[in-house]
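Report on the following structure.
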Amino acid sequence: MPDSRITLDGLKSWLQEFARLIAEQRTQLSELDAAIGDGDHGTNMDRGMQAVVASLSGETIDEMVKLAGMKLVSTVGGASGPLYGTFLLRFAGSAGPTAELDATQFAAAMRAGLNGIVARGKAEPEDKTMFDALAPAVQTLELGVAGSFADTLRAAADAAEKGRDATIEMRARKGRASYLGERSIGHQDPGATSAALLLRAAATTLG
Amino acid sequence: MPDSRITLDGLKSWLQEFARLIAEQRTQLSELDAAIGDGDHGTNMDRGMQAVVASLSGETIDEMVKLAGMKLVSTVGGASGPLYGTFLLRFAGSAGPTAELDATQFAAAMRAGLNGIVARGKAEPEDKTMFDALAPAVQTLELGVAGSFADTLRAAADAAEKGRDATIEMRARKGRASYLGERSIGHQDPGATSAALLLRAAATTLG
Amino acid sequence: MKKLINDPADVVAEALVGVESAHPDLRVDHANKVVYRRDASRPGKVGLISGGGSGHEPLHAGYVGFGMLDAACCGEVFTSPVPDQMLAATKTVDGGAGVLHIVKNYTGDVLNFEMAAELAAAETGVEIVSVVTDDDVAVQDSTWTAGRRGVGVTVLLEKIAGAAAEAGRPLKEVADVAREVNANGRSMGIALTSCTVPANGKPTFELGEAEMEVGVGIHGEPGRSRQPLAPARDLAHVLVDPILEDLPFRSGDGAIAFVNGLGGTPLIELYLMYGEVAKILAGHGVTPVRSLVGPYITSLDMAGCSVTLLKVTDELLRLWDAPVNTPALRWGV
Amino acid sequence: MKKLINDPADVVAEALVGVESAHPDLRVDHANKVVYRRDASRPGKVGLISGGGSGHEPLHAGYVGFGMLDAACCGEVFTSPVPDQMLAATKTVDGGAGVLHIVKNYTGDVLNFEMAAELAAAETGVEIVSVVTDDDVAVQDSTWTAGRRGVGVTVLLEKIAGAAAEAGRPLKEVADVAREVNANGRSMGIALTSCTVPANGKPTFELGEAEMEVGVGIHGEPGRSRQPLAPARDLAHVLVDPILEDLPFRSGDGAIAFVNGLGGTPLIELYLMYGEVAKILAGHGVTPVRSLVGPYITSLDMAGCSVTLLKVTDELLRLWDAPVNTPALRWGV
């Protein structure tokens, strides 16, 4: 897939687009969280991503993404700060001190990020978390689809959205929503919703 | 006025009738107090007078009325407890260890009671207190009116009610109502209202 | 009305059951509704008693203990106690050195304490001095009123006079210290919501969503005026300015600064207010040498706060710092 | 929303200004929103830090001081602090004997403390042990949940572990004591009204005039069920029974009995509840050897209360009784 070089600038655009989508859907994300959590997911992520885009810098991919991850950790608080932060930190570690990634390296970095989330949050499939949106997307990136890398990215974003939608029927077993038990069923998970935006931003900017 | 002997039983009836009127107008008294005080005057007086009638006893007037005064003091609390209590204690002191009072002695006992209220509460005319109902009534008792003692008692009760009504236009300078300043004007004083009941009860039972 | 109670008529009696279970250092006379130090009376020590309507907790029962009150007489909610209670308390705490009555200036409290003092003197000859607190600057024109109400200064006075008594000072001196505290302390309060008296079941007054009652009394008595709710930095001026106008501080003076919660306002807001108050004091060159922040004299569940400033001498400060061991104030022991 | 605040966004920062002015024994790092003992770190003493979202005052900043915490990290209202805060606190309080992190069991708190511990260990090699409190019996089925929430036991644990650290015990022992407290303590709460988060401006949930939320969390999380409000004597059973079912006491056991106000409930009601709780305990032969009654871990202005019972050994009791000097808990000094 020689058409699939992902550059430093590309990754920058990705994070900027993610920040834009978060800001745009901030209220909606917080409302989802209000239904089954404490109503701050949109505020948390928006505060964090605004800080990230305001300080984007670095000569290599690992440098830039690590900084972004640290920034997120330092500004978000709540569950999503360490989780998304760890995602980016592990992504950076997998990517290494390079200025470009190919599709395989990108998928590997995404897998490393997801593994970081699991290591930190111990989420299992169908716990009704961001994991349920990210896992099918990462798998799609790893397997690829017929066509261009852009097609794979779009397929991954679609998979994330399908995963996000599937959280509606799940009973939460992690995070604040788990206190609701049965009553968490019927509500879409806010973290899965923001995770789907991360993948949609990738499809828009990296394809 | 040889038709004007007031007996121990007569005084007993007087206190019982006062208790009955207080119980009957309890809510109204508290509502008057709610407007310019703390809304407990009816409750306070009712609690106290119920205790008084439940324990009425004594061989002489001073014994019975002193006990009633002590009972009032012990059960009412608030401003009206010591004031009405002192009224009865001083009344008893003036009456002395006798089984009967004549009109002059009764008026003197009422004056002693009123003086007790003034000694304790330092009320002056037009401070908007029970004094403003009691003072004209006591004066009427002292001066007497043409006709029977019963006529004098009725005139005294009328004077008390007139005094009570006059409190409406007064600005309170004593008690809780005084915190309201100008805003106390336009409301009838609860203590003057219960004092008018005391005189009406006398007219009903002692005449 | 939403309250953690059984029958509204039993609130005070049942709260005293809890006080007794929670504090083995205290003894409760349930018949008289009086809370005592377990070791009262102490020979040669001036006895300190206070009391008033209930609903202001921790005042007064929470201030019974070493270095503060010997007894607290608990009236029904917002109703002054009756003389029998103060009579019993006076007799019980008298250790031969006389008894100080600390009375908040409300007609009912003053008269009932007065009768108790007369009865006690008549019965036992015990020497009694009464000190009446009247620190609420919200009540202005005192020749036209029953006088200022006793509020926040009462807490500080009970502590400071309690220390003087614990130090073995004679009644006259303890009373002088108490009067000095009252003379040098002023308070002002605001309510954001009404309180609800259990027996009434509904709020004592109504306030709009954006209104406050400025100069409210601790029984929900109306204050100076009703005003639009404002930011904390403005509220601090509403509270502190009338105090400073009434009790001129000179630059360099030290004060005990007391931001009191009225019952329904959480500590985070009280600390925020304390920060605003401290800024204003700094602007006047007044140093808050000691602070007290929390719900210490409340009005049931009323939301709001009051500020009390007490101008202190070194001597008053020494007494404030002396050890105290009560349910609500404790240090040095 | 009626609150004594300025801009809702500044509540925590401005409350910390007040904390700093009111308590000269404390030092506030405003940039990091960390409250320190003025004398932290102390060489050879295990450092104790805690923290969490704000809105639970006096928890945690009110427990900083001699014999309790060395530092408290204050998050935004109901939002866990970020690792930078705990990293700064850990480095500052480390006196060479390691640092204990006391964390309430909420995913956000746990993860942020965890990252801070990793960062601190990486940066300085400081030894850190984390103890997570999870005492809220309202959350039942823990394989299906993020686990029980940390509530009232946190207060007792901070005091007891703080005493162990002050006594010079090594990190492992301090952590063992902390874990013992958590293992032997349970809590349950009820809300009569919702709290209102300043940034939201409206109540977090709605409750009918005659309803209560049983098993409510300190952030207004829903509880086990919504039930009709009942008399205090029944509420005491609603609170105590699930605790006793979960943590079997034997007749003769001693307990610290803690009746906590959630912020909007006045002390008179808490004492009344304490009386009811004590009666139930007596019925089970459990002796409340120590009590704590008041608003110690709150949920902003929420009306309601929680009960915490801690089964104690003589050793835990000795540590509880050891001197402590913080804004909110003080004795023996």
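Order of writing sets the labels: A, B, C and D. Residues in every chain begin at 1.
In this section, a contact is a pair of C-beta atoms (placed from the backbone, for glycine too) under 8 Å apart; a residue touches a chain by one contact, two chains touch by 3 or more.
Note that the structure is a prediction, hence the values are computed from the model and not measured.
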item	value
Touching both chain A and chain C (chains)	D
Chain C and chain D: spacing of chain centres that average the CA atoms, whole Å	29
Distance between the centres, which are taken as Cα means, of chain C and chain B, whole angstrom	33
Centre-of-Cα separation between chain D and chain B, whole angstrom	56
Touch-based graph of the chains, sorted into line, ring, star, complete or other	line
Chain pairs in mutual contact under the definition given at the outset	A-D, B-C, C-D
In the complex, chain B residues that touch chain C	38-40, 43-44, 73-83, 85-86, 120-121, 171, 173-176, 178-181, 183
Complex contact set, residues of chain C against chain D	2-7, 11-12, 14-23, 54-55, 57-58, 62, 192-193, 209, 212, 229, 231-233, 235, 259, 263-276, 278, 288, 291, 293, 295, 298, 300-301, 303-305, 325, 327, 330-333
Residues of chain C touching chain B in the complex	53, 75-76, 78-84, 106-108, 111-112, 114-115, 139-141, 144-146, 149, 197, 199-200, 204, 217, 219-222
